[in-house]
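Next come two complexes, and both contain chain A; in the first it sits with chain B, in the second with chain C.
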Partner chain A sequence: MDLSDVLKSTLLIGPEISLIVAGIVLIVLGSILKKKAGIYVFVLALIGLAVAFGLNIERFGTAETAFGGALALDQYAAYFNVIFLIGALAAIVFSKDYLSATDEFAAEFYALILFSTSGMMILSSSKEFMSLFLGFEIMSISVYVLSAFNRKSARSTEAGIKYLILGGFSSAILLYGIALLYGASGSIYLDEILKSFELTNPLFVAGAALVLIGFIFKIGAFPLHQWVPDVYEGAPMSVTAFMSVGVKAAAFAILLRVIFESFYPIQVSFMPLLWVIAVFTIIVGNVAAIAQSSVKRMLAYSSIAHAGYALIGVVAAYGGQVLAVSSVIYYLFAYTFMNLGAFGVLTYLSRDGKECETFDDLSGLWSKRPFVALSLGIFMFSLAGIPPTIGFFAKYRVFLSAVQAEFYWLAVIGIVGSVISAYYYLRVLVYAFMRTEISPFPSFKVASSIALIVLSIATVALGIFPFDSWDLALKAAGTVLTAARGG
Partner chain B sequence: MAISIEHYLVLSAILFLIGAFGVITRRNILIVLMCLELMLNAANLAFVGFSRALDDMTGHIFMIMSLTVAAAEVAVGLALVVAIYKHRETLNIDVLKLLKG
Partner chain C sequence: MLGLSSVLGPKRSAKGKLSPYESGIPPTGDTRGRFSIKYYLVGALFILFDVEAVFLFLWAVVFKDLGMLAFIEIIVFLIVILGGYFYVVKKGALDWE
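Our next item is the complex of A and B:
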């Protein structure tokens, strides 16, 4: 690889570079302007995201590789990048009103969101373990800082250190797994590892298992889910919105890519284990969510349950079924809109440093803020999987793929789980629509209102007309499955 | 006796397990962070050992990269330790109990 290749590759990763450049400029600008930074850094962060979004659109329909095959800039990565960018955009818009206007660290906050997003984008397109590990850590370390961002709050710093210790533990396990795979195959490229995979070599099996444990942790699936409620509850609300969508989607993106481009030979033997993990994730998430008195913590447990529904699709895809893989991708796409919206409403209703956390904080929302209450209703219906929302179509696709792969029990458990989930989602609406106001609601916020309206329209419109976005998910799934089909 | 790849592997596995055991059992946040470093460095040792055995430079480069990551991670960790100490005047991990359902 000579210099011209490096230059060519650098031009190809425009979206990532625009985010990193915007982030660096934000930090410099923030330290110069200090408290006057307010609106400038907000606009600059939006410009960075818009440029990245525009450049990312060009990746649909092309399949380039950069840096000697280390990064695959294909449709699969492009589809996930759209999810990350929507998550980052919504998180920044919600944070604008949430961070108090005089917070002199707003620039660093936006910059960390952009850095984390760039890490996710590298992760979703990595075809080799070094860029995978670096993308994974760029994403994670930025999110550790973000979840402890409210450094004067004991809860926020506690969430940050818990996330850092447990996340660092899982990264170490991931790194050790990569070391074993490197030792066994002599390469860190996914396709080289696939070629030299031997089921009889314990190094391969142990390495693959350790790598998968690292991903399962980031997804927040059953045996490694205990960090999720604590971190989601302690982190600032807009950060919770960002990481519940972005980090989860990124972990699923790389999980699917590694399974189908590298670990394909042992996929069938891991499948029963994933089956058990998916079932317990759904049960644990839903049962624990019922008992919660805090809406934020309830949504944290419900995000565990949603990871379980997406894992149904991963299990159903064991033979490389394109419909099952695309159902997982589409589920994460749908989850982005509805979950960002649900956390967005809570961010909107947080006032003067006090977060909107208990059910009582939502009482009387319908009589005082009817449009916010209406959008909350749309998001809760969508999370519960009630038509005609995007959540219904996504759940239908995942359960259908389980039935097609003849995992009938998995589909039954998933459906029972979403029936249970309807109880606690609709409970939120009982408080919002049928109780009277207990504490006064904050004043009208322009940027967050626009974001809520757009997210509600998208949740309903994509539920009625899901076909275009579904076709793109199908194509994305086809890209990632080519290696599995050839091998 | 020549030192072979097996020796490096066994040593790195032992270091990794000591680190993992420390993260789980130790109660002081600083010691837990040190144990995390031990786990990451055990993986680095495995990388370098494999790199030598395979006569391939990739493992060395990966080791340098993961060292950088570990440094960034511990920098964030120490900053958080300072922030937590300001609130609670202790670094015992058992006092981190505000977040419970």
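Our next item is the complex of A and C:
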């Protein structure tokens, strides 16, 4: 690789570079301005995201590779990047009001969100295991720090430590899997591994299994889900919103890419295993969510259940069904809006260090803050999968793909799971709409209100008119399946 | 296996071998001495910048063979490190008092 190649590749990864540069400028600026930095760093973070978003839009329609084929800048990556950028944008906007009490470290907070997002973007476009691992770690380490950001809270610190240690284990397992695959095939490129894949060679099978375990940990699926409730509950509210959307979508992005671009030959033998994982993830997530007395912890368990619904699509994609793959992508897209919204409402209602956690904190919301209560209603209906919200259509497409692939029981379990979930989502609304106020609500917050309005409009409008979002998901699924189809 | 090696293995004790390891210097005092908390911060920063300096060293050895490309890359790398260093100084992490 000579100089012109490197420069060309560097220009191609503009979105990632713009986030990293914005992040570095943020921390330097934050350290100079100290406590006066508040609004400047916020605007700078938004500019960084806007530039990244604009450059990312250009990726739709063109498929380029950068750095000698290490990164594939295709539609698939571009679609997921939109999810990550929306997640980062909403997290930053919600954090602006949330951090007001402790904005000494606001610059670092925004910078870590930007770094983490750039890691996710590298992860979603990586076609080679070294850049994959790099993206994986940039994403994870930033999120470890973010989840311990509330330094004075014992629970936040516990969440950070727990996530760091368990995440470190999962990274080690992933790396071991990569090492085995490299030992067996002599290459770290996904397509080279696909070419030399031998089902009879235990090194390949063990390596693939270990790599998948690493991703399943990040998704928070059944046997490796125990960290999710503790970390999501302890982390600051806006970080939880970002993690539950961004990290999960990034892990699904790379899971699908690795399954279809590299492990395609053993995909059939892994499918029963993923079937079991999907079923147990749905059951465990939904049943545990019923028993929770904290809304935040309930949403954490519900995010496990949602990972299970998305896994239904991964199972149904067996054999390279383009509809099933795109239903997973679309599900994550839909989940972004509704889950950011749900956590956004809780962030809005958190005041000076006290998080809005119990059901009682939401009592009487309708009479005092009708618009917040209304948007909470929209997000809860969407999470429960009730039409005409985006949550309904996303679930419909996932279950449809399961039926088309003749996984009838999987579809039935998924539907039963979402019926159970209606109980605990609607319980939130009972408190918000039918009880009287117990504790006073915080004052009006401008930035968060705008974000909540935009998210609730998007949740309903995209449910009724999907515009291009579904077609683009189909095209994105097409790009990742070309290798599996015989390329 | 661990048990076997402790039973069968030769034991030649010496004063130097039995003393606690302190990076090769003779031990001073007991192990329960307390360090200032600032020591850990400086220690962590030292490790960070030390590892980064290792990359510079490797690059410097093969500077002529790598040419312009590596030079530009190392400049970018250094700018990022300088950003970090600037941050550390501004945040007062190196102020002992």
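The criterion applied here is as follows: the second predicted complex is superposed on the first by the 483 of 487 C-alpha atoms of A that agree within 3 Å, B and C clash if a C-alpha of one lies under 4 Å from a C-alpha of the other, contacts with A are read in each partner's own complex, and residues count from 1 in each chain.
Going forward, a residue touches a chain if its C-beta (ideal position, glycine included) is under 8 Å from a C-beta of that chain, and two chains touch if they have at least 3 such contacts.
The shown structure was predicted, so the numbers you read here are calculated from the model rather than taken from an experiment.
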Which of chain B and chain C A:28 touches, first, second, both or neither: second
Partner chain(s) touched by A:141 [first = chain B, second = chain C, both, neither]: first
Chain B versus chain C as contact partner of A:6, first or second or both or neither: second
Chain B versus chain C, judged by how many residues of chain A each one touches: B
Touched partner set for A:230, first chain B, second chain C, both or neither: first
Which superposed partner A:266 touches (first chain B, second chain C, both, neither): neither
Complex contact set, residues of chain A against chain B: 129-130, 133-134, 137, 141, 144-145, 148, 151, 154-155, 157-162, 164-165, 168-169, 171-173, 175-176, 178-180, 182-183, 186-188, 229-230, 233-234, 288, 291-292, 294, 297
Chain C contact footprint on chain A (complex, rising order): 1-3, 6, 24, 27-28, 31-32
Residues on chain B engaged by chain A in the complex (per definition of touch): 5, 9, 12, 16, 19-20, 23, 29, 32-33, 36, 39-40, 42-44, 46-47, 49-50, 53-54, 56, 58-59, 61-62, 65-66, 69, 72-73, 76-77, 80-81, 83-84, 87-88, 96, 98-101
List of chain C residues in touch with chain A within their complex: 68-69, 72-73, 80, 83, 86-87, 90-91
